[in-house]
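After the structure tokens below, expect a handful of questions from me.
Letters are used for the chains, namely A, B, C, D and E, taken in the order the chains are written, and counting of residues starts over at 1 for each.
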Amino acid sequence: MMFPFLKKAVTNAFTKPSTEAFPCPEAEGLGKYRGRIAFDGEKCVDCGMCIKVCAPAAITLDREDVEGGQNIWRTFDLTSCTFCATCADFCDEGAIQMTTDYHMVGTKHEDLLVKGVTFKKTIMGELECDTDNCIYCGLCARNCPQGAITVDRTTKTWQIDHEKCVKCGICIGKCPKKVLKFGEPKPEGVVFDESKCVYCTLCAKKCPVGAIEVDRPNKTWTINRETCIKCGACVKGCPKQALSMGPIEE
Amino acid sequence: MIQHFPVLAVMLLFLGAFCVEIFGSNNAGIRNTIAMLAATIALVLIYALIKPVMIDGEIISYWMGNWAPVSGYAIGIGYEVDALSLFFALLVVTTFWLSGVYSMSYMAKDHHLGHYYTLYLMLSGSVLGLVMTGDIFNMFVMIEIMTFASVALTAFRNENEGTLEAGFKYLVIGSMGSSFTLTGIALIYGQCHTLNMAQISAQLCTGMTPTTIMAFALIVAGFGVKSYIVPFHTPAADAYMVAPTSVSMIFSGMVNKAGVYGMIRVLYIIFRAMDKSSVQMLVVIFGAVTMFIGVTMALAQHDFKRLLAFHSISQIGYVITAIGLGTALGITGGLFHAMNHTLFKGLLFLTAGAVLYATGTTNLDKLGGLSKKMPKTCICFLIGAFSISGLPPFNGFVSKWLVYQATYTKAVETGNFVYAIVTVVALIVSVMTLASFIKVTQAVFFGQLPAELKKTQEVPASMLVPMYLMSALCVLCGIFYPIVNKYLLHPATEATLNVTNYIDKMMGDGYAAMMGAQNIEVAPVQFSYWNPIVWLILFVIIFVAAFLVITGSKSSRGQVLNPGVKYDPKYATFFSGEEELFSQVGGSDLFWGFKTDWKGYYKVLEGLHSGIVTDYAGWTVMATAIITVCMFIFMR
Amino acid sequence: MILVNYIASIILIVLGLYTVCTKKNLIKVVLGLGIVDYGVNMLIVSLGFNDGGTAPIYQMSDLLNGVAPSFFVDPVPQALTLTSIVIGACVDAMALSLVIMIYRKYKSINADDVRRLHG
Amino acid sequence: MIILRSLFYILIFPGALFTACFGLFLAGVDRKVVARMQHRIGPPLRQPMYDFFKLLGKETIIPHAANKIAFLGAPIIGFVSLALIMLFIPVGGLTAFSGNADMIVILYLITIPGVALIVGGSSSGSPYAGIGISREMVTMMAYELPFVLVLLAVARKAGGSELAFSMEQVANWQAANGNMLFQWSMIPAAIAMLLVVPAEVGTQPFDVAEAETEICEGPLIEYSGSALGMFKLNSAMKMFVMSGLFVSLFLGGIRTGFVVCDVIVFILLCIVVTILCMSTIHAVTARLKIEHLFKFYWTFVAGMALCSLILVWCGL
Amino acid sequence: MFNKLINDSASKSPWLYHINSGSCNGCDIELVACLTPRYDAERFGFKLAGTPRHADIVVVSGPVTSQSKERLIRTLAQVPEPKCVVSLGSCPKSGNVFKGSYSVEAPLDDYCHVDVSVAGCTPKPEAIMEGLYKAALILKEKREAMHK
């Protein structure tokens, strides 16, 4: 036929057009559409994986020292992001989520930046007391929210329950003689439990930075402290729960 | 005293030619003054004839040496200037005067100008003589002088490419045409024992014997050669191209008009064959074929002047078709188109000459963007181009309008479908004419300026003055058409159709009645033409309205930077982001779609125009044979 | 008898046309033109022939003593022929000069080579 | 008084203002119908008016290679001649200026907008425009033959014995014995005319000259601001003029009492014709190549027109 | 004369001119998708124009490769006032994954003032429509500013 679409065109003319009237209703059926990034500062453990895997280097950090810790501002530049969601996959804590919000239109650059802050306390050592200056007044025990300190005036003894202590630092403020202070932060790291380990080398494989070597024949497990980024992937990956995060010696 | 003016004008021109040859061959001052003096006086003499002939309607008859006809027999050579002759004489005089002014500076760079002006005056004198003579052999002698002068002028710049060849072809075909005319005249003389046209036409009223039919056919063929209808058109195309432009303007304005005048004189007045529908059909078919082949060849040309040459041939086709119809409307349309053709074709040749003078070449593929360097020439060219393609406010439109009306009214009255086809062909040819002039506009004036043409300047004033004059005439004839009709066209048409008056004036009253001659009764030209003045007001008013709309919007207007400076990209031509480079679209790469569709036709057509002299001679003989055979069949 | 003249002139004209149309050598073309011209001249002259007529010249004696002039041959065609011969001569002169210059420029006088203006 | 009346005719009713407004409206209808045929909502009907006024507001850039007078004069010449054509076309039986043989005047006035576009394009000095005008000219040559044949056929049919090329005669003939379209011998001519109208206006399948994808809007490439606005107005007015011509040639017979009704009927018929011949073909076909277009017009469409001319000629 | 009408219509018939400065054609297809029946940008008068001279809104996609930089600048200069520039997708604003490559001179802002930027590596047609609509409104302000 000379004009194949003639019949279709004429019927179209009399049927309702298939256009959605603007401002169109939210496009439905988006399902797994990767739209605007939602970043939850709290969940982030600042492991830095997202920055490492982001191809267009759309994620930038700026650290800001704040009393008692550090504010880490993580900005996701949507105008530089390819929305590949690799960062979301690598973020084990699930701090980065891709929403289905596609309205990413901005006249100023700021409109298209997603910022999020994670506060990171500086890791402090355990609470210690300088027993010879302490006058055992018991003020610290009374103000400790967790009730971790017990003071006995008569026997002049000062104990602390490290599990309960959340290192809030209130007691330091209360002590008249300023004898309480946090000790040296014990370095944290991966603690290896010889007994449970079956040397299945799963942790070595999981480690994103390859800090762990496991030698099956002669059953040795070594970790390279510098490269380890304490992301906890090995802890999660170990089937026998042989690994845990905790203070380490050295 | 008025009687002597026609002969005086012709003799003056020949005398001028003679004096220029003697006194002016080395001194430019004398030569120019003599030439222009002769031309101006001839102009004045002929213009003085308008009052008596056109307005009072009287016919000037003048016997050389006062040898009046003795007892009804014409002995001497008689000059007879009726409205038709004067109409063509005015065209002739105006054209060669303007060409004279134009050649003052155009030919300045050439050498041997003494010979140029001699030939120029000879050519003008001979065509003027041809148009006004009443004696058939005198007409033949004038044709011969015209042919010589044109051949010599064609080959004037003999160092250029192709001039000698064009001159030779022109001479061969031209002299074959004149030989046919001479044979025809001889046979006529054998039959009527007189050479005076009026007396011949009176004697032929009784009937056509085989010799007169043969004579009629040969004379028609001879004048056909002179007016360059299709089979004979090839030397014209070459001659117009290579001749100096002031001469090619004369050729296209005057020489082929002389051929057309001869055709009218022979068909209408001497042999009065135009009341036979079959003869009309033959002439109309020749005209239509000329129209079509002329314009299709023009579309395929690469040279500016050769394109104009083929357009002259196609416009002559229009005139011949209109005249071949035999109706009063047809003759009016044909005559008016002949006049308009002289005006706009002359203008176009002058612009071509200006381009040649300024840039040194007329090759369409090498030119471009001249409108910035030569604005005045560009405007004149546009006026000429629009009037030849028949756009309303200009004169081309009016005459084509008359021609279409004439052909289609004829088609309806006679119910003959061929005339309807001729009307369609005429309209299509008009669009093709527009197409080829758009091609020239884009190739020469608009488009981009090639590097080597950067230094072209405008042509000197003495070349521009004739252009302004002609463009003014083009526009005025278009707008004030009723005036032109009343004073020029109507008397000329009356003269063509009113044969008895022509004979009586020449041979003494009652002569025509005695011989039983009668006119061709034709319905008078009745048509109303929308009043151009209203048209003008229309145009102006709406122009103002449009102008208000444009300026009302207070839009800021970007300026045109002078071309020398490195262009700010904002005003640079858009090349899809590229740096501006020279890529002129023009000349042969236009109308690509049309050429591919007509590839077969063009291959055949260009093959036929082979450029070999003997082929052209072959066609001339073949065409004459066809005309003779047709005449014998029709005039029986 | 007069018929022979007409037939001869017609033959001359046709012969001339034949040479112009078919011969490739330009000089032969010019000769052809000349032949056509002579044919036409012959036609014109033989047109004016009256059987038994004498030369169209008045004798002074006849005029003086009023003798009726003898029967003349028609003078007008002879005048025409004169002009036509002159014209024929000029045509040949110009054509040959053109051929000479064409030879100088195109280095050949064969019609097939002299065809730069075509199409 | 005559001057006032003719002024009214020229400027207001069938002349410039009416044609411009109704042309823009018709262009809007065309765009809307094409959109609806493509199953989308499409722009509002007054969209071409917005386009026109927006273009008036924009800056007019004149490229350095352009010839200023021709560049700015061309759109105005086009506008003027289009306004003039409407004066000759009988709008519902009312013709502003009618004279003898004004069909040929219309034929030539219709070529002026094309020539204006061509001169405007070539004066802009761009190579794209060069190709554009070459295509525009070939399109003009293509549709001229059928257009002429149709006009001759209609003139012959309406002319009867003594022939006058005038539109008034056509209008009276149709008033007397019904629409020209219903004469069976004129149907091929009507079809041919329906195909000529889009070519002359330059809508989709035949807009080879202004192909915005291939040669970036052809002749209009260097135009911007008010000059471009005028050209867009011209093309809209051409739509109205050509459909008006078709209606007056073939559908002039419907004649009610008073003039106002006639004008409304005329306008409705124009809309129907526009939808029929421009919008539907635009919605279902793609752009032709230039030599296909030329071949199409000179074989098929011209054939249709010719056969109706022959039929009319045999007195049917 | 009709200034109010002209200013209004400036936002009602914005014509687009699309410049592809090295884009992977993802955004180009999405832009054209806006003109399809489903999203129909023509409702608001959007129309793709063939030349920069006819354009009001210039839509740039692609990370401004060094080849196309010069041509981009020249074409942007040829657009008559009042004009808007819309950057489509992330490439023009930052060079996206091609950032730092030898042939990418990414941020479009160095070369012209970007009025509206539509983020998304291939933003959804609705987002593009929203961006273009915002650009059309900006056009109106520019027209009024230019008119005063």
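Assume contacts are C-beta pairs under 8 Å (C-beta built on N, C-alpha and C of every residue); 3 or more make two chains touch, one makes a residue touch a chain.
What you see is a predicted model, and the numbers here were worked out from it, not measured in a lab.
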(request) Please identify each chain that touches chain C as well as chain E. (result) B
(request) Tell me, please, which two chains come out on top when C-beta pairs in contact are counted per chain pair. (result) B-D
(message) By Cα centroids, which chain is closest to the centre of the whole protein?
(response) D
(message) On a CA-centroid basis, which chain has its centre farthest from chain A's?
(response) C
(request) Could you put a whole-Å number on the gap between the CA centroids of chain B and chain E? (result) 58
(request) Please report how many Å separate the Cα centroid of chain A from that of chain C, as a whole number. (result) 120
(request) Would you mind pulling out the distance in Å between where the CA atoms of chain A average out and where those of chain D do? (result) 71
(message) Can you compute the centre-to-centre distance for chain B and chain D, using the mean CA position of each chain? Integer Å is fine.
(response) 35
(message) Could you pull out the residues of chain E that touch at least 2 other chains?
(response) 2, 6, 37-38, 40, 43-44, 51, 53, 78, 80-81, 147
(request) Identify all positions of chain B at which a residue touches two or more other chains, and write them in rising order. (result) 552-553, 556, 558, 570, 572, 574, 576
(request) For chain D, jot down the residues that touch at least 2 other chains. (result) 35, 38-42, 53, 56-61, 128, 216, 221-222, 225
(message) Show me, using the given definition of touch, all chain pairs that touch one another.
(response) A-D, A-E, B-C, B-D, B-E, D-E
(message) Under the stated contact criterion, what part of chain D meets chain B in this complex?
(response) 6-7, 10-11, 15-16, 53, 56-68, 70, 72, 76, 79-81, 83-84, 87, 97, 99-102, 104-105, 107-109, 111-112, 115, 118-119, 122-131, 133-135, 137-138, 140-141, 144-145, 148-149, 152, 155-156, 159, 161-163, 165, 208, 216, 221-222, 225-227, 230, 289-291, 293-295, 298, 309-310, 313
(message) With touch defined as at the start, can you tell me which chain D residues reach chain A in the complex?
(response) 33, 35-42, 280-281, 283-285
(request) Under the touch definition given earlier, write down the residues of chain B that touch chain C in their complex. (result) 137, 141, 144, 148, 151-152, 155, 158, 161-162, 164-168, 171-172, 175-176, 178-179, 182-183, 185-186, 189-190, 193, 195, 237-238, 241-242, 300, 606, 609-614, 617-618, 621
(request) Quick one: which bits of chain E touch chain D in the complex? Just the residue numbers, please. (result) 2, 5-10, 12-13, 36-38, 40, 42-45, 48-51, 53-54, 56, 78, 80-82, 143, 147
(message) Under the stated contact criterion, what part of chain E meets chain B in this complex?
(response) 1-3, 6, 51-53, 68, 70-75, 77-78, 80-81, 146-147
